[in-house]
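Input: one structure, supplied below.
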Amino acid sequence: MKDDKLSTHEKTILDAAITDLVIANRILARENIIDNFGHVSVRHPLRDDRYLLSRSRSPANVTRTDIMEFTLDGELIGDDPRMPYSERHIHGAIYKDRPEVNAVTHHHARSILPFTMQSISLRPMFHMAAVIGKEVPTWESQDEFGDTNMLVDSMEMGHSLSRTLGQNTVALLRGHGCICVGPNVKAVCFVSMGLRDNAALIQQTMQLGAVTYLTDGEIEKTGSMLLGDMALARTWDYWTARAGFSGL
Amino acid sequence: MKDDKLSTHEKTILDAAITDLVIANRILARENIIDNFGHVSVRHPLRDDRYLLSRSRSPANVTRTDIMEFTLDGELIGDDPRMPYSERHIHGAIYKDRPEVNAVTHHHARSILPFTMQSISLRPMFHMAAVIGKEVPTWESQDEFGDTNMLVDSMEMGHSLSRTLGQNTVALLRGHGCICVGPNVKAVCFVSMGLRDNAALIQQTMQLGAVTYLTDGEIEKTGSMLLGDMALARTWDYWTARAGFSGL
Amino acid sequence: MKDDKLSTHEKTILDAAITDLVIANRILARENIIDNFGHVSVRHPLRDDRYLLSRSRSPANVTRTDIMEFTLDGELIGDDPRMPYSERHIHGAIYKDRPEVNAVTHHHARSILPFTMQSISLRPMFHMAAVIGKEVPTWESQDEFGDTNMLVDSMEMGHSLSRTLGQNTVALLRGHGCICVGPNVKAVCFVSMGLRDNAALIQQTMQLGAVTYLTDGEIEKTGSMLLGDMALARTWDYWTARAGFSGL
Amino acid sequence: MKDDKLSTHEKTILDAAITDLVIANRILARENIIDNFGHVSVRHPLRDDRYLLSRSRSPANVTRTDIMEFTLDGELIGDDPRMPYSERHIHGAIYKDRPEVNAVTHHHARSILPFTMQSISLRPMFHMAAVIGKEVPTWESQDEFGDTNMLVDSMEMGHSLSRTLGQNTVALLRGHGCICVGPNVKAVCFVSMGLRDNAALIQQTMQLGAVTYLTDGEIEKTGSMLLGDMALARTWDYWTARAGFSGL
C-alpha cells in the first residue's frame, strides 16, 4: 500500500499501527520472550488481506524503517531488496483462517520448550495466564513434513500449523517453540508472557504436587477482564517504560 | 482530606507518608515483587479511617501525583476522574479488621504461586523470612464466590480474604498471589521479599530432603529484630539506592 | 589506630587495604553474594590484633568513610557514634583462632541455604569451587544457644561458630547462611562465589544422578592454582570492572 | 606476523579478524557464556598455522591490544612480556587436528556442568541447539593425567582433549566445562549458546518426562541453516547490539 494513495486519516492510522508494532518488538525482546529469533506481526489496519512484519531482523533491533507489508500469501508489497523472515507464512496462514485475529507472535521462550514434547496440559494455573485460553495443542512437524530444518517456511506448513491451532490462542511446536494470537498487538504480548510464566509455574508446581488449573469459568471471566482496555492500557504503559521507549 | 485543612505539621507528616509510599512502589517493582499488576498501600498517617494508594497504574511507574486517598470502604476522597485499582478493597478490609496494620501489599511474586495450591507449609526456614510469621493460610475464592475473574474487587470479597488472613502476616490466594501486612511500609516490603525468598528456598530444599523450619522462638526473636528500626533503616537504605531513587 | 601516628608508608598500606575492602563490598553486592545483609572484613594490615569492617550498612552502599577499626574482641577503636554490625564478632573470633586468615565474609547467598539443613556434602564438584576446600561443616545455633534471633552477636557465639569452622575454609549456619575465610580479600571473594556456584550445581546435578566430587588431589592442586596471584589478578580485574568501580 | 610485512589488503583482513574476535569476547561475556575465566580464539586469517587469542584476561575486558598471535604449538609470536592463557593449548591442538575449524571457545557455562558427570545425552532437543551436532562426548582428565589442577595447560593434554572431541562440535570436560568449535567466530558463539540452552532445557524436560531429541535429519538440516550466512548475520547483529559494542 503506497503511502501516496492514503488519506491523511489513513496515514495516521497506519502510522499508529507501525508505532505499536515497533514497540511490541522491543517489549518482547526486553521481557525475554524473543531473542535473536522470533517475530511479531499485526494485520494491516486498513485492509484485512495484508499484514505488517519486520524484515528479517532480531526484534530488539527493529525500527520503523524495518516494517514491511505482505499479502496473506506472504508476497512482499513494493520493491524492497531486504530479506523478509522465511517464517512469515505462519502469520499469513493464521490471518487467513482467523478473521478475528489481528496480531501474531512466534517465539521460543525457553520455559515452554519442555512442554512441546510432553502431554502435560499447559492450561492456565494462575490468573495472569487466563489469557492463553483453555487448551494448548502441539504441532508435530514430522507428521506431514518429515525431517525439516524446523522452520515453518511455506504457506503449506503455515496452514498445517494453523489447523493445529484451530480456535485456540496458543499452539506449541515440538522442539521449536510456539505461536500466540490475539485481537490486537497489546493482547498478543500479554498472551506471550502469560504463556511463558504459566509454563514455568506448572513446571515448579509439579515438583511439589498436583497442579490446580483454573476452572473454565475462571479462565473465561479472568481472560476477558485482562484483555479489556483498562488492564491492557496499564500493562502496556508498564512494558513500554521498561523497554526504555522514547519515541520513534 | 483536603490539603488546605491541614496544618503545616500535618502536611509534613502526610508528605513523608506519600514519599515513602512512592518509594515502596518503586522498590517492589525493582525487586521483582510486583510487575504490571499488584499494589501497595499505607494507612493515612493522620486518620485511621483512610488509606493512601496509587490510582490504577503499574507500581514501577507510580509518582506522587498518582496517590489517591480512600475511606476504608474504598470510597475515593475528592474529585478525581482517574481509575482506582478495582482490588483496593483488599486494603480497606484489612485496615478495618487489623488496627495495628498500617501497610498492605498485594502481589504475585512467581515463587509463591505453586504454594497457593499445595498443603506444604510456607513457615519460615531461614532467618530473613522470620518476618512472615509462623503460619501462612490460603484463601480459596471458589468457597464463597464460585467462578470469578479472580479479582478481589468488592468489600465482601475483601472481608472474606481478611477473615482467612486472621491475625497472620501473610495469606495466599489460590491461583492468584498473596497479601502481606505490616506495621509500616518498610516492614511490609521486608515481609514481601522474605515471603518470596522463603517460597523459593522451600521449593529448592524439598528437592534435596526435609525442610527444617525455624522454631517458634526463633521466628519470634528474629522477626522482631528484623522489623526493628535499625534493621529496617539499613535495608531501606539499600533498597532505595537499588531502585535508583533520586527524590520526588 | 589514629592516622596521625602512622608513617607515610604505613598510611599507604592502610589506604590500599581500605580501598580493596570497599571494592570487595561492592563486588560481593554486584555478584549477588550479599544483599541488604551480610558483610566482609579484612585483618588490619599493620597489626594482627585489629580488623577493618564497615559500619552497619548494606555492602552495596559502603564507602571509605564507613570503614571502622575493631579489636579482635569487637571493641571499636576511636570515637564513632555510628552503629557497628552486631555480628562483627564472627570476624574477631575467626581472626583470633586462625592466624593465617586475613579476610572473612558472612553472607546468605540463596543457593547455599537448602544445604544448611541437609547432610549432603558441599565438597567441590567443579574446578572453580576447589577454593572452598574439601569439607564444609554446618553450625547449629540451637546446640549451645537454643532459640535465638539467629544472629551471631556475641564473642561467645563467634567462638562457637569458629570451633565448627575449625581448619576449613567455609562453614554453613543452619537456616541462616555461611562464613567464608581466605588469606586475603580477593581470595575470600573467590571462595564466596565458588561456594555459591557449587551449591547451585550440586542441586542441579542431584536431579540428574550422582555427583562426582573432585578428588583430594584435584581440590588441592586446583585450589592453590586459583588462589595464586595470577588467577586472582585476572578475576579481580573482571569483578572490579563489573562492579562499575571508578575510584574512591 | 609483523604488521610491516603485510600488504594493505592483508592488514585489512587481519584487522577485521581481530575486530570480530574482540566483539566475540564481549558477546560471550554479555551472554553469560564466559565469566572471569574462559576464552575464545580464531585461526589466523592469513596463515593456517597460527591463531589469535587474548592475553590472560577476562573476556569482558578484552580490547584489540590484548590480542596475541601464537603458533599451533602455543609459541607466542613477537616480544610480549604479558602472560598468555595457560590453557591456550586447547586451541592449538584443535586447529592442528581439524583443518576446517577456524574458531574455538572454552568455557564453563553453568548449565552444562551437571552433564559433565552424567551419561545423559546432550544431543539437541530444540532447533536452535541443532548447531551443536549429534553427539557430545566427555573428556575425563583422570584417565591419562590423574590428579591435576584441572587446567588443559600442555600440548599433550590439548591433544588428548582433541582426540575426545574427534569430529564433533562440542566436548565436555568432567567437573570443568566444555570446548566448542566452528567454521568461524560467529558460528562458535552460536554453538556455545545453543549448548548452554540445550543443557538447561534437557535438565528441565527430564523433570517432566522423556526428552524427544531432534532426529538426525533435523539436526543436519537445521544446523546448516542456522550456521548459514543469513541466520548468522541476524544473530550477530543482535548480540553485538546487546554487548553495547560501539567500535574499537
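Think of it as A, B, C and D in the order they're written, each chain with its own count starting at 1.
Here is the rule we use: a residue touches a chain if its C-beta (ideal position, glycine included) is under 8 Å from a C-beta of that chain, and two chains touch if they have at least 3 such contacts.
Going by UniProt, the chains are A, B, C, D = L-fuculose phosphate aldolase.
These numbers were taken from a predicted model, which means no experiment stands behind them.
Relative to chain B, the most remote chain by averaged C-alpha coordinates is D. Under half of the residue numbers at the chain B-chain C interface are used by both copies of the sequence. When chain A is fitted to chain D on its Cα atoms, the angle of the rotation, on a 0 to 180 scale and to the nearest 5, is 90 degrees.
In terms of their C-alpha centroids, the spacing between chain C and chain D amounts to 33 Å.
One finds 47 Å separating the Cα centroids of chain A and chain C. Residue positions of chain B touching 2 or more other chains, listed in rising order: 207. Taken as a graph of touching chains, this assembly is arranged as a ring, one closed cycle with exactly two partners per chain. In summary, the structure contains touching chain pairs A-B, A-D, B-C, C-D. By the touch criterion stated above, chain C contacts chain D in their complex at residues 125-128, 130, 197, 200-201, 204-205, 207-212, 214-218, 221-222, 224-225, 230, 234-235, 237-239, 241-242. Remark: chain B residues 35-37, 56-58, 60-61, 83, 108, 110-111, 113-120, 142, 146-151, 174-177, 203, 206-207 touch chain A in the complex.
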